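Presented sequentially are two complexes of chain A, the first with chain B as partner and the second with chain C.
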Partner chain A sequence: MKKKLLSVLLCLAMTVTMITGCGETEEPLDPETQAMVDKAISDPEYAPVPKESMKVGVIHIGDPAAGSGYSYAHDQGIIGMQKEIGLTDDQIVRKNNVADDDPTAIEAAITECIEEGCVLIFATSYGYMDTCEKLSEEHPDVIFSHGTGYKGNGTNFNNYFGRIYQARYLSGIAAGLKTESNKIGYVSAFGKTLSETAGGINAFAMGVYSVNPDAEVDVKVTNSWYDPEGEKQAAQALIADGCDVIAQHCDTPNPQLAAEEAGVFGVGYNSDMSKDAPGAVLCSVMWDWSAYYTWAVQQLIDGTWTGDNYYGGMSEGLVTLSDLSDLNDPEAAAKIEEAKAKMLDGSFNVFDGVIETNEGTTVGEEGSTLDDATIQGGIDWYFKNVVEK
Partner chain B sequence: MIVKFLVAAVLAGTPLLFGTLGEILNERAGHLNLGVEGMMSLGATAGFIVGYKTDNFVLALLAAFAAGAFGALIYAVLTVMLMANQNVSGLTLTIFGIGLSNFIGFYYVGKSAEGTLKLPERITAQMRSVHIPVLSDLPVAGELFFSYNPFVYLGIITAVVLGFYLFRTNAGLNIRAVGENPAAADAAGIHVTKLKYLNIMAGGGICGIGGAYTGMITNGGVWISDCVGGLGWIAVALVIFASWKPVKAVFGSLVFGAFRILKYYVVKDIIPIPDAFFDMLPFLVTALVLVATSMRQSRENNQPAGCGINYFREER
Partner chain C sequence: MREPFIRTVKRAELSPKQTAALRLAALLLALTAGGIFILCLGYNPFAIYGTILSGSFRSGLAIQAVVKIMISLLIASLAVTLAFKMQFWNIGAEGQIIMGAIFSSFFALFCANWPRVVLIPVMVVAGVVGGGLWGLIPAFFKCRYGTNETLFTLMLNYIALYLIAFLRDGPWRDPANPGFAKIATFEKNAQLPKVFGVHIGWIFALVLLAFVWVYLKYTKQGYEISVVGESQATARYSGMNVKKIILRTMFMSGAIAGIAGMAQAAGSDATLASGVAGGVGFTAIIVAWLGNLNPGSIFIISALFSILEKGSSVVQSNFGLSTDCADVLQGIILFFILGCEFFIRYKFVIRGKDGAGA
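So, the complex of A and B:
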């Protein structure tokens, strides 16, 4: 009997320790505010939602507390929006660690947000897309905003993403000027099979080409958004092959750490990775999601919400390049500034004109630029200086 | 390039080697401990946090060992004393270990000023590759044999010591007897429960050091949550590949390490095989080894007969 009791106690202890890590309780709204929310959300025209009754739900795939990374970057955006608009803490409902391949869990998390009175849901991961589409039909009075996908219904379900390739082009300039071996490594989660990664690689390679036509960009693919060991090993293999700048499109800073260990340089992603590998990082390609979150919430407050998809870039402040570190080539700052100015005034859009691929074919037409749909879903080729390794 | 590949294979194999050695010790004691991943996670966190706080490599290693042994102690209490199902307890330990490790990591990341944890200078220098005068400077051989971080040498020494312990000492004979047939061992006057506790905990500690490797070396001294990333499960498969022999585990982990990184070193123009094939290789080979050993029917290469079955003294 004693043994049974002890085993039950041990199991309980294990469960309790696990649970304390997750979840946070939210106080219910007071009846008056609830009534206002109900009134606001019952109006199908998306009448302005008063700031005081605004309530935002956020669905994270990970835990923002884990530090630099995907969920952290999104949560920084939410915190930025909260400050900018001036919302209180209980006007934000966070659901963390919602696996994006588990429709039941996604639906439960979103439904909880709605029951707690959220009028706007930010679903930050790709896999939430279909559940958002389904729930947006069941809850026409709630607005679903889904990040990184491509679906939307033009009313209460939209999509948001950004022109990260603009910042990647600029980081390519820094890498192209820095390399001495004329071999630049690129650790990517996926390759040509996904337009997001292929577009990023191409923009980076075009940035490299603009300042150093002799350099090649060697790409290694890990087949995973999150593979600490694989990302490190891929970077080390590239360095062993002679690459002296390592760029990345994956979640951990391990490629940058491998570069630092080997005494070469790198370009970080997602957050400013110079705090992880100060001896290697030239600059980092970063998202500032607060630009979109602030914009979206403000639209709702002003009553100007249209439900259109959002595809922001450098000019909206959604996509940025971190400050250049001291390791950069002296020319880099000026060259990057020049290209950035052209992007901002609209005279240069990265995927302009005829683009040569590494298979000898061409993409695009003289005098035009690739349209957003192609950039988001149709890039299945590599720029001419890209080598698959 | 081939030398670089072999060096990378050794580095990829080292955390697997520790995990495998720890699990071999568990299974030799008759306990199929599926908590390797959890014990490695605990070790990774303890090693990292202690290294971060004290800047002392040896203390970090001891902490990693202690944390792994602590995880194994929970498992041992559940399965040896309370006779809980071994598979379920092991799985629970995995979930518990990963959860607790991330929880502690989040806590420290939250307290840090920059939102990131990076090990201090001195320990980073100590845990990086050793440089032995003359030997490390030899062409090829220097890089192949004398250029690794201390974990690699520690792993090989541990494997040799464990091999000697299990197959050349009385204590090892006893624990093998416990793993094969605890009732007979008990009748022969071996203290079954004590030996099980000791070996399970030592195994857990060794797994913990493997975890510290992922936390400190693979991730270059920066804290990353879920840093073990499934290596514990590969170690469980590797035990079968090594047919429960520590010295064979050195070879096995080298092979598995090589498979894990092969896709980054194969020249795509010459061998156009999809990456997924390489990701599958270690497990395919494990399956083949399982089939091969079962066909040979040699008792020597089989799982210890008592492994996975709890020993009720009263039911003898």
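So, the complex of A and C:
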């Protein structure tokens, strides 16, 4: 019996070997055609796409109908772009609730956009990155624009993100002035293993420090961009620990709801979260994605798409701070306005000069500022008033 | 004792014509009930149903997407069929898929530089071994200690699922992705090649379909499975080694599920993701039963399920219908179809109505 079983397995293995062997054979192209293909792959020229035949796909990790948070903010950006450019509703294809840890689901959603005839696909979540990379090779005529990651191929796969740390610095001023316990909580998707989150925490902490050197920023990491329950629990733990302002770098407004419930204050993220927790939110760090989406679609219509990565900030209108709520310290508005003016005229760039870390070391040099590459990929330290819990 | 108001009674065998009529009625009822649900949401049911169909067949890409969904579903349904034929309630295909994927991913991640003609077959064998062992464990405990296999296989699913989470967050985490806990994308070399635009998992599925059909219908072992399923006493009396048959069959059931996991990881996901099974192991149970444990019918049913899934996804984007609504629609359709199977085998008898074939 065992032998029989073994032989069945062997047969199976052999069939498979034969099959895979067949699957690999590829006719070699003649050198001229090959050269043309190579050139087309390395340097495709995107002819202008007329506005009427423009079709845009959007992959959301959540459902914009939630009315707040990450996917909502991106969808507001898409709607803004649609109005600005003047596209009709059926020129936008949305795929909602696409889990970022299920490559098959991501591929199915993106492929469906391609089926619908989309020429440009905005993949809004970090976890979509590798699938975009894979599909950009298989569909050289479709443009994949991926938010928040770091990969790109310079042609039909680019990356878009921005200087959200500028708005975080400003929100730190509001938090630093408001706190009475001098303990400010910060719920973050990741910690200093990721430059994006570490940079955000540091900018916030530096904003706090600029108005209140005695306050510390307590960070709790959830290890997920979208974890409604975990985000709430992290906020509750920070509040129990004595924090009286809760800032966040994660997708749902739950940390703000937890703050309101406990009678403390908070700083929202992505969209204006004073809608969700009017009794707690001081201000919100916001993206206005329409700035990028409009720019990208216009590039394609004009035939000037280059495939370069996009990194915008407050001066491009990509990053903003919401209006301050009435809950703020009276001094906040003036101090924030002052710092903002310096950012806009370029005299202050947040990561300027020598910066002390919480391990006693220093980063940066007097008279210079961290370059974009370091900000996007090299911040693996915390500012001196940060404590990771 | 007083007769209950309503009781269920086993029917005499229905003729194939009657059965077909019942099934057709169930399908119509399902579509009607689903249609009422769609109407309540403010959409045109015909447009929605039409989109489900057209969305699945509108282009080569769409058909490929249907096939992709079907591959793991068909393989997993064949896997549980073997166990169910033996009346061994293997609710653990989900976990067996995952273990097959984990075992084969080991080679995909750490032996990616092997020649492809060696690597891919090794990954298939690894999938067979991983899934097979995961199926063998509950069979062993059932034979040795008489444990309940339904609970045992069900619980093993969760162990397998958390094993992936452990590997993803710990030893196998991709260091190149600091912002996201995931396992590295497989090298091209370790991904299944494509034939007609779909990874060769579809060929595995067809080979396995033929294999399971022949195995159940024409081999001695296949016959033994159905004897053990009908009556273990009969099997023992006729000199069969029941324990051995149970162990062997559960290994094969798990092994086939393991191939589904391997194909999904190396063909579709190109990585080991926690959603590698994604509920397919459970859907497979429904498919196997709707197909009456007959490989040919299972092929058709899994195709229909795949069309429904792909079509619902198009409905979501075309009509802006939430993904949850698509799930509700699928649930309604399943409810009627499965309910119909009950009425094919049983009927209700109301108290006082005489002669109702009791």
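Keep in mind that, in the parts below, the second predicted complex is superposed on the first by the 343 of 389 C-alpha atoms of A that agree within 3 Å, B and C clash if a C-alpha of one lies under 4 Å from a C-alpha of the other, contacts with A are read in each partner's own complex, and residues count from 1 in each chain.
Criterion: a contact is a pair of C-beta atoms (placed from the backbone, for glycine too) under 8 Å apart; a residue touches a chain by one contact, two chains touch by 3 or more.
Not measured: the values here are computed from a predicted model.
Contacts of A:A237 after superposition: chain B is touched, whereas chain C is not reached. Touch criterion met: A:A65 reaches chain B and chain C at once. Of the two partner chains placed by the overlay, only chain B lies in contact with A:E260; chain C stays clear of it. By the document's definition of touching, both partners, chain B and chain C, reach A:N223. Overlap of the chain B and chain C interfaces on chain A comprises residues 4, 17, 20-21, 63, 65, 223.
Considering their complex, residues 58-59, 61-62, 65, 68-69, 116-117, 120-121, 124-125, 128, 169, 177-182, 185, 192-195, 200, 203-204, 207, 211, 221, 244, 248, 251-252, 255, 264, 268-271, 273-275, 278, 310, 313-314, 316-317, 320, 322-323 of chain C touch chain A. Remark: chain A residues 1, 4-5, 8-9, 12-13, 15-17, 19-24, 63, 65, 93-97, 99-105, 107-109, 111-116, 126-127, 129-130, 134, 148-149, 189-190, 193-197, 223-225 touch chain C in the complex. Within the complex formed with chain B, the residues of chain A that make contact are 3-4, 6-7, 10-11, 14, 17-18, 20-21, 62-63, 65-68, 72, 220-221, 223, 226-230, 232-234, 236-237, 240-241, 252-254, 257-258, 260-261, 271, 275-277, 388-389.
By the touch rule above, chain B contacts chain A in their complex via residues 1, 4-5, 8, 12, 74, 77-78, 81-82, 84, 92, 95-96, 99-100, 102-103, 105-106, 109-110, 112, 114-118, 128, 214, 218-227, 229, 231, 260-261, 264-265, 267-268, 275-276, 279.
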